[in-house]
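Below, chain A partners chain B and then partners chain C, in two separate complexes.
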Partner chain A sequence: MRAGFRQSMTRLHTWAGVVIGALLFLIFWMGSLSVFDREVDRWMMPMTRLAPASASGLASLDTTVRPVAEQLAGGASPWTILLPTARVPTLELRYPDGAGEIVRRHVDPASGRLLAAAGSAGGNGFFFPFHYKLHLKAFDLGYWLVGLAGMTMLVLLVSGVIIHRRIFSDFFTFRPARAMPRATLDLHNLSGVLALPFHFVITLSGLIILFAIYFPVAWQTAYAPAGPDARQAFNREAFGTWRRPPAGVPGPLASLDAMLAAAQAQWQGGRPYMVRVWHPGDAASWVEVRRSFADDITMNLDTVYFDGVTGAVLHRHQARPVMRVQRFIAGLHFVQFEHWTLRWLYFLAGLAGCLMIGTGLLFWLEARRARHLRQGVAGVRLVEGLTVGGTAGLIVATLAFLVANRLLPLDLAARPAIEMNVFFAAWGVTFVHAGWRAAHAWREQAWAMAVLATAAVALNGLTTGDHLLRTLAAGNWAVAGVDGVLLLGALVAGGVARHLRRRGAEAPAVGGARAAAGGRG
Partner chain B sequence: MASRLLAAVGAGYACTAAAVALASVALPLAFGMARSEAVVLAAMAGFLLYLMVLVWGFAEPRLARVWVVLVGGVVLCWGLAQWLAPLAAARVVPAG
Partner chain C sequence: MAELLLGAAFAAGYLGFALFALSQPRHWQAVAGRAAVAPSRPLALRMAGWSGLICAFTLVVLRDGAAFGSILGALLLAACAAAVALTLSWRPKTLAPLARALR
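This part shows the complex of A and B:
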């Protein structure tokens, strides 16, 4: 019975891993990049590389972003204004254009100057949504695929621990000189065990963030009396979402600065991070001011709602206890608190996840390569193509995205979409290449990573003048950090490519996946 | 194999969702919890329940037993949830 249990868990671990592995790698990779999404934004949007906002006093919204919003967005609802933070030196304005697409513009908080359109989705607009909805819009398909992958990840972690006889001794076991499958498995176990608590918490918390999507039946049942407004009624009670219909008659917007001051008084010194103006210019407009959680793990729901015309407080919300637990778990995942050491650890642990997934796939391949070749089965060939494209190819595409960002002219129409198309085109090419070159593809894509990462750093220096020496001297850590990681990734990828050539072309090495974790964009 | 996959993943989700629905109406009745709180707690616990159901669904040697337990679970939890929902709606704790 016991042997049977372990055997069934081994089978489950093997096949769930092979089927979902590439999708999990994608989610872990994009999640790892999203840890530094704001820094990638600075790198990809040179016009926003301002000196950090002064820590004292808030910028005035009435004299800076408001005139810009009135001019650009007019009565489009809502205006979303994100205040400067330690990681973002600009005021960011978001509003829906005529087609309902969200426009993002940046304003210098010191002068109120509207900065040139970024022409890029950046890390926050491309990597981050990729991480949780895969850029698939229809029927929430992206969310559900990510949810399926998340549950599979939890099953893989549980079954992985169960099939592990010697979880602690394996922790100290790495035999890189041993035969290929053994060394790959060692690295899979090492990265898996080392970051096991992180992997479990990050996966479960990711699912819990989207609980209302994955278990809609909960609010549908409890709020059934509200009929078609069930979701709204739930959001009102759980998240404090407050709204009213617009009046349809004009009414002037009161001072936003006064509302910020009133909100801060309500929070006894807590600072705002976001202001949202609903139906600006309408007599029934209202303004939502949300409290910052930059110094806290819990992503609080302390929101104050003001009447847009009179500036009077309409509604104030604070999360109840269970919801506060949910916001704490969400905060563990979103890592929006300001702590650089922890931020780097999240990044490294995320890459450890990529390494674990990549080496797991490689072990599957290595353990079957000889047998499938003998039997003439196409399994290894197919999975290898998907694995190369899904791991190394994904990194190549990410780097191509960054290179395209530095090469495309800024005044290009639909520039953000072109950047993304470069990503998907490059990714497609890596799959074709993997199918064509088989085992050689690992080495060749490692070279591509090295070349593209180096090119991205060189192009950043050439097109913006912000080369590494200057950014380091100026303390521009966001841009210097991205450049530094790119150079480090190029070195690792180049080293792996050389290592693979020495081993000969007969088999890919564990290094392919090590590059997968190291050659970061 | 297809049957086991459908049982563990599909019926497992249905059974978990039915249990989550039941908890979202039962918790307010049993402990006087606000409904929004019951929804959040039930859904959060649902992920752990689904994880256990999945592991068990693949580990249990008798596939028929997996089907019986999960389909039975759906019928029982969903029936109870539908029976309790009107009672819970009658004594909604007002949101603060």
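This part shows the complex of A and C:
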């Protein structure tokens, strides 16, 4: 390979990485946490820690969630009912309130009892949207930034492979005892090479999931003949979206249980996972029943639409070949199948991605620290502040979010928003701290992680009584798992902090801290 | 049974990558001691390494079918390789019996 080409690839890898690294770390971190979002939900919403739903058939919707929906949501459209799964023991009801915000409530599937409001967005409501749209709503800015980061990630992976001089002879090489830049680069290469297939597939599939946003020309051109209805026509053919206008005349809602049974019969025993009632109480209301994909990688689009009043089948949808491919790729990314070994491996591979990004940034810093100091350039200080806040600080903020969840009283108005504000406030503080304490910031934030993670576990035990011994004995793996990962993270973060101190504390291994705090949050 | 197959697959993958590592002089010396300058049959070690990886992959495909098995195989082998790398960083002597058996 010509030297000039490798050099230009090195430059590309270096600068694309420095500019977009912190954003990529955020996306990988939130994605890794989202792998266990439902388990984090159980941890953050103690009222939903029910025994797993019995495997024997479906709970009756007509006698449990329906009266609740009629009382809470009334005619607000649509009601969305998520059925219990192996990971979620409750029936979840979602409906729009007067302001159009989606309200989420949980119902005990055995008794139909409405559980107390969770008062928290939880992992599924906070970490997961953070992962793909950064909680930035204006102009879809979040989606586009994530898409830009995803494209850059592909560029970084390819250029990284090109500039790596000894992929095979360094395949197993990690020399923690060597000087900082060398040990950091070892860790960057190791995590990058070993998890390369995962990183490539997860990034590409993430972009393919949102193809309709990132590559709109494709469907806009294909559906151009439909004129102003192009989007509707595309959604109907690709995703099976079916609509009709409400009649404006009242009409009673037929039995939802009968519709579930009919859908199940259509799918030869395939189970439903979601029921959505459009315009409940209207004479032209309709009910959408979607099929579960818990035991398959492909996220099927099998949907049956029923007339809300008569219960007759209005429309059926199955993905066409091209969409089946898209749904397979999406399924690879979303990990919605029930496979615990794979779930843990996805989590670990995601954290390996965080490690790769963190050590990459750290290597940039270490390679320039002395020179910039000598030349009086402020580059290292600036990047170091952003890197500390963007990596270690993000983990500190995540842990602060969990601690706030256990400390805020449940009856607080707008409690979910307050929890999120605690996250962003804590994150802001870590950037200020990084700018102020400079090279000491790494060690001090590692200590903060250890303290906060331990506090979160202790507070969970104190405020809910579900301490680790009890959850382990009771087989409550979701809560026990979150506590266990937090404790493990606290240990690693504490170990890293002590190691940094011995090392002279200047410029630590963020890598360790990262893997360290690898709590699911 | 499923756990047993998974454990066997991890063991086969770990062993396979360990053999790969031992086929490299640097790792061989770290494991077998300075006296052992180089592995005697690097090519044979690599072939044995490949068979370990193939064996691991086959076991998970048998366990979970082609679709889930392939994904599990890819991720499990990455975990095996990481485990070997960390063994070589912190406890290289753990692999000494393996090196002795191969000498």
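Please note the rule applied: the second predicted complex is superposed on the first by the 507 of 521 C-alpha atoms of A that agree within 3 Å, B and C clash if a C-alpha of one lies under 4 Å from a C-alpha of the other, contacts with A are read in each partner's own complex, and residues count from 1 in each chain.
As a working rule, a residue touches a chain if its C-beta (ideal position, glycine included) is under 8 Å from a C-beta of that chain, and two chains touch if they have at least 3 such contacts.
Computed from a prediction, not measured in an experiment: that's the story for all the values here.
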Quiz item: Touching A:A312 in the superposition: chain B (first), chain C (second), both, neither?
Solution: neither
Practice problem: Scan A:A116 for contacts with chain B and chain C and give back first, second, both or neither. | Solution: neither
Practice problem: Classify the contacts of A:Y214 with the two partner chains as first (chain B alone), second (chain C alone), both, or neither. | Solution: first
Quiz item: Where does A:L190 make contact in the superposed view: on chain B (first), on chain C (second), on both, or on neither?
Solution: second
Quiz item: Counting only touches as set out at the top, which of chain B and chain C does A:S8 meet: first, second, both, neither?
Solution: first
Quiz item: Once the shared chain is lined up, is A:A258 touching chain B (first), chain C (second), both, or neither of them?
Solution: neither
Self-check item: Touched chain A residues, chain B compared with chain C
Solution: B
Practice problem: Return first, second, both or neither, reflecting whether A:L407 touches chain B, chain C, both chains, or no partner chain. | Solution: neither
Self-check item: Residues of chain A that touch chain C when the two form their complex
Solution: 169, 171-176, 190, 194-195, 197-198, 296-297, 332, 337, 339, 341-342, 345-346, 348-349, 352
Quiz item: What residues on chain B touch chain A, complex-wise?
Solution: 17-18, 20-21, 23-25, 28, 33-44, 46-48, 50-51, 54-55, 58-59, 61, 81, 85, 88-89, 92, 95-96
Quiz item: Which bits of chain A are touching chain B when the two form their complex?
Solution: 4-5, 8-9, 11-12, 151, 154-155, 158-159, 204, 207-208, 211-212, 214-215, 217-225, 234, 236-238, 320-323, 325-326, 329
Exercise. Spell out the residues on chain C that touch chain A in their complex, using ranges where they run on.
Key: 6, 17, 20-21, 24, 26-27, 64, 67-68, 71-72, 74-76, 78-79, 81-82, 84-86, 88-90
